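Same chain, two partners: chain A is paired with chain B first, then with chain C.
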Partner chain A sequence: MTNVGEAVPLSVSAAQPSARERIWYPYLLIAPSMLTLTVVSLIPFLYTVYLSVHAAKFGRVTDFVGADNYITLLTDARFWNSVGTAVIFVAIAVPIEFMLGLVGALILNQNVRGRSILIPLLFMPTMMAPIVVGLLWKIMLAGSWGLISYNVLERFHLIGQTSIFASSDLALYALIFVDIWQWTPFMMLAFFAGLQALPLGPYRAAAVDGANSVQVFFNITLPMLMPLLVVIGLLRFIDAFKVFDTVYILTGGGPGIATETPSILANKMTFEFWNIGEASALAVLVWIAFFAFCNVFYQIAKKRLNAF
Partner chain B sequence: MKRGLYSAPAVVAVSLSLLAGSAASAEDSFYATAAAPYKGTTIRVLDEITPLQETLSKIVPEFEKETGIKVEWELLNHFEVINKGQADMLSGRGYYDAVMLHGFQVGPMLSAGAIKPIDDMVKDSKLNNPKLDTADFIPGPYKSLAFANGKQLGFINWNYNQVYWARADLLNNQEEQAAFKAKYGYDLAPAKTIEQMRDIAEFFTRKKGEKLAGKPLESDFYGIVLEGIKGGSTFGTLWRDFIKNYGGDIMDAEGHPTFDRPENIEALKMWAALWKFAPPGIAEYSLVDVPTVMGKGIAAQTLAWSDFVLGVDKPGVSPYAGQFVYAPIPVKAGVTTPRSAEAEPSITIITAGSKHPEATFLFLEWLVDKKQQEKLIELGQGGVPVRETSWAVPAIKSSSNPTLYAAMKSTLDVGTAKPRMPKFYEIYDQLSGIAQEVGLGKLSPEEGAKKGQAEMLKLCDKCLL
Partner chain C sequence: MSDEPKNPVAARGLIWTGVVIAYAVVMLFPIFWMAAMMVMPNDAMFARPTVWLFVPTLEHFDYVLNLGFSWNLLTSFVLCTVSTALVILIGTPAAYAFARFEMKLKDDLFLFILATRMAPPVCLVIPFYLIFAKLGLLDTFAGLTLAYMTFNLSFYVWVLRSFCRDLPVELEEAAELEGWSRIQIFRRVVFPLLRNGIVATAVLCFIFAWNEFLFAFMLGGETVQTLPVSIPKLITSQGVRWGEMAVVGIAALVPVLVAVFLLQRHIVRGLTLGAVKG
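Take a look at the complex of A and B:
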């Protein structure tokens, strides 16, 4: 019988994992998710790379063509037009969404009256399915009979005899407007959640030190919120560059190729032209660009902004 | 004397009806006999949803009853039937035994080897109905569609065609007629030439508040509406209703691109001129929107697919039902090349991956059989014939809308399937984009022609299969 307080020799195998087990145990734990990721993500990606270096037309994969699909794509003005369109889209939409979202979050954070009702209402555009957003704006901005185009734009002679989505000059900006309308509330609420989670200590200290609200924002709020701002900004950037659904519904990439983004072009190459080799090359190129961009962005965010 | 039951005329009538009955049952029994080995088989068929197919779906169960072959008949919209059908055909899975292809899809699908030719089954006396009477199919669409490289791909299932469609109430209005004659020097009537179509478009384009047929307009009214969306059948309309009627074409007989020829530039000029008299949203209008605009009564005329007319020009659908007039596709005055009209004959083919080609073949034969075609037209109180004899079916011959059928016939007399081009989709995408840009005034007709030629040459030097 063992007395209380007496050391009890524990079985080594039951209490402490062996050195070999210590090595494998973490891998064992993450194995199911890694396996799932490999099946749903890595294998399709590798197959896309494989397709991109083969002649693959009409669903039939034939000869190895090396870099031919990439060369064809990189020398195609239409590819560069789609990249340019996406860059304009992102360069205008994301900063505006970011700024409006941040300002809105700061306002919401001031204990505004009716906040509990306002927040679900603000979130509505983001909650809508893209097809609903597309149809909604198609109805609002349809040429000659749309709610906004007829009652506002035409009545006050703001755009003349044209339909917004049919105008090469206006269609892209209309899409950017729709994106801002849809995603600003998301940014706002994500930033608001971040603001709500900030510790109160630094603010109390700043108040004791007599800091004004601008100083508090730039020296306390912004640095503490930076990791969230960087992550949300990056996610929105990637998402906006890949924009497909609203463009597909509202303009289909037109008029001409005025609103054709890489995603729309890839869809066209795959499901209209059945040129799967080139479409795969396009997907790989976009992935490489994102990979490089995200790495650079991560390094900058880490070293300059202390975001990670 | 009381005329007895056995009088000579009665005997003849009864005998004739018995003969007709036995002939009909003999024909019916062909499918029942031929299908005996396939009884219990289930075939899947994908088709497009238009008023025509909706009517046909009421007849399909009769095939199941007659043969014991079960048909899973799936109807999808224009764009879905193309995407889903092609995706299945190209995958080689053979989920669908038969898929409806528009004429323009045949070239790419042939070059992909996704179609099963039916020659073996046509030669097989157990499967080939000797009374099918393929000589009765309207020849232009059938011959250009159902055969390729010496092989038969199917029969002909739908003869989609475009017609000229205008507001008869406006064209017959005396006040408008007088004003038109004073301005243009000739009588207002459905356009026979493209120039007349332009004049009518210009004449009827009016702003809100102006008068139309004596009444002030509550909103802007447009002289013409055309399909202008990128894709759809926009370029088909420009190509075969305008360019070809100007004596031009997009390629020569060998398939070399000729998009920058002078006739094409002239046609593009007219195309751009007409867009000025169309609603502002024209560049967004698809083949579905055009009949909707006509049905709502905000445009005077159009070139549209006649099968959509059937769904719009009927009481309860459009307030202007019965007030429309139809005519052949207008041609360019003074051009001596054969007239052209946009048609899209469509075919239901057996997929290369089909697991039940014989049962499917019997279904395809049955569908285009004279009996079913007549029933289809009678049930739909009209339709778009694929057989010459169908023009004589009472629902068409005694139709309350005779100008529509005269216009359809005119188109189908010259209509053909699109030339077989392996890179049809890429070419069409480029050229429909140019059609849009020229219409919107972003490119001049000369620039459009030059750009179109360059884009075609990038895709193919010889564009035909």
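Take a look at the complex of A and C:
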């Protein structure tokens, strides 16, 4: 037996893929991935939709109930509270992360030495497990003995001996603070990478014209960086809505429902109340919202940044 | 001519370096403190005012090791390695195909991959739990490996595609003219050029799996208990084992720290889903 492909390398027709092969070859390459992703995401999604229109409690799926679960959910004040909490969380955390990230990136873009050591260190909060981030701030902000609780919050009479996470007014802001700590490095280093990739030509021209640094920033840097700022901001915006691990370990949605986001509520509905039908309805709504966000992200990233 | 502006620029560079270092020290202080808590005796830990100097102790390490912590570590390691290896195997051809070939509905298929990546895990955990319960996949390596495919396979295909697009297509065309088969081209031309991209993306997948909490917590159990899941377990009825938590937290952090130093700016490219080349 001879291997045809290697035996006749000069015969072009034998080795070159036929037109038919050309057509099915890419589909063959993507088939395993698409099959796997169908099993792990499309089927679970369709199953969730199925659950959301059935009465399902304690893991037992019974009657078809139509839109009942959705109606119950949408008339539940607790659901709207969770949406409101997530909106406040994202609306405060993301813009602050964005601004701090931009300022940080501009500073890092100066003649800073030792970036190859500083950048990985700065990246730590973003790269460490979110559950460990939660643990870290549970320690720092623990009531009475927490390092920041005792030395900052109590000393300056900002809060009494209890943990800030026990205060229904302040717990959400503490979580926002933790999110800012965790994600500002990501914004900073993404923007920094964008700054590094900008062409030098316009800057030379501006230097010849004698433009000052403020003019350069607003007339050159910002417009050139804009598509990237939009895409990264959107990506962070989508991710911030999903926040779960840190909230789960720091407050679990409490005190009461003061820090309960849709993620935390869906999890409680499923694994504490075992109200699968309503939890599925919530999941479907969240899923559709995310798909819409995701589509916007894709279109903007593709058209404006030409990234994908 | 170049000497005159150089000195003020260099001096300002030093000042900004100082600013960045100061920022890093403040931001990373909580991590240093957690590292110190690994060897901090309990009476020093809960002292008011804060005790800065103490005699180190190894009692937290003893407790954690007696609790079967090395088993958690091994579980995490095996799970992350197996799931990442599978992702490389399944995802690499797909990433290459999306970068190189025309396909019907390519845009829609690609958007489906992105949507899978962005789907909130809390939504997926409900159907996973019920389906896994029926199939007997709860608390198994197979179940968690499958669940990790949702975020890691989609991420891998998406990001590696951006690496594939950087490869010069001419080499492949030349190889094709030479009469090489598709598999030969992939193995001898594409794979060697793509190796760095594959490693960088795969290491990120490993970190995501390593850090993952929700799936591991809800779909795992006594048999398959990863490192992050063992952290809330230290909130016991006799109180919270803070020192022990610090030990586990730092143990979870070390591999990530190593990976971040090795990968450097590939991380930016990965975390921005390829939007920034890094």
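The rule we apply is simple: the second predicted complex is superposed on the first by the 250 of 308 C-alpha atoms of A that agree within 3 Å, B and C clash if a C-alpha of one lies under 4 Å from a C-alpha of the other, contacts with A are read in each partner's own complex, and residues count from 1 in each chain.
Keep in mind that, in the parts below, a contact is a pair of C-beta atoms (placed from the backbone, for glycine too) under 8 Å apart; a residue touches a chain by one contact, two chains touch by 3 or more.
Because the structure is a prediction, the values reported are computed rather than measured.
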Q | chain B versus chain C as contact partner of A:271, first or second or both or neither | A | both
Q.
Quick one: is A:60 in contact with chain B, with chain C, with both, or with neither? Answer first, second, both or neither.
A. first
Q) In the superposed arrangement, does A:172 touch chain B (first), chain C (second), both or neither? A) neither
(Q) One more residue to check, A:256. First (chain B), second (chain C), both or neither? (A) first
Q) Is it chain B or chain C that touches the larger share of residues in chain A? A) C
Q) Is A:94 contacted by the first partner chain B, the second partner chain C, both or neither? A) neither
Q. Touch check for A:298: first (chain B), second (chain C), both, or neither?
A. second
Q) If you stack the two complexes on chain A, which partner ends up touching A:41: first (chain B), second (chain C), both, or neither? A) second
(Q) With both complexes superposed on chain A, which partner does A:195 reach: first (chain B), second (chain C), both or neither? (A) neither
Q.
I'd like to know which partner A:235 touches here: chain B for first, chain C for second, both or neither.
A. second
Q: For chain A, give the residues common to its interface with chain B and its interface with chain C.
A: 59, 142, 144-145, 271
Q) What part of chain A is in contact with chain C in the complex they form? A) 5, 9-12, 14-17, 25-27, 29-30, 32-34, 36-37, 39-45, 47-48, 51, 59, 104, 107-108, 110-114, 116, 118-132, 135-137, 139-140, 142, 144-145, 147, 150-151, 181, 185-186, 189-190, 192-194, 197, 228, 231-232, 235, 238, 241-242, 244-245, 248-249, 262-263, 266-267, 270-271, 276, 279-280, 283-284, 286-287, 290-291, 293-295, 297-298, 301, 305, 307-308
**Q.** chain B partner contacts - residues on chain A that touch it in the complex
**A.** 57-60, 142-145, 161-163, 165-168, 252-257, 268, 271-275
(Q) With touch defined as at the start, can you tell me which chain B residues reach chain A in the complex? (A) 83, 86-87, 90-92, 108, 111-112, 114, 219-220, 228-231, 279-284, 425-426, 429, 433-434, 436-437, 440, 442
**Q.** Partner chain A, residues of chain C touching it in the complex
**A.** 9-10, 12-14, 16-17, 19-21, 23-24, 27-28, 30-31, 33-34, 37, 45-50, 90-91, 93-94, 96-98, 100-103, 109-116, 118-131, 133, 146-147, 149-150, 153-154, 157, 161-162, 176-182, 184, 207, 210-214, 218, 228, 231-232, 242, 245-246, 249, 252-253, 256-257, 259-261, 264-265, 267-269, 271-278
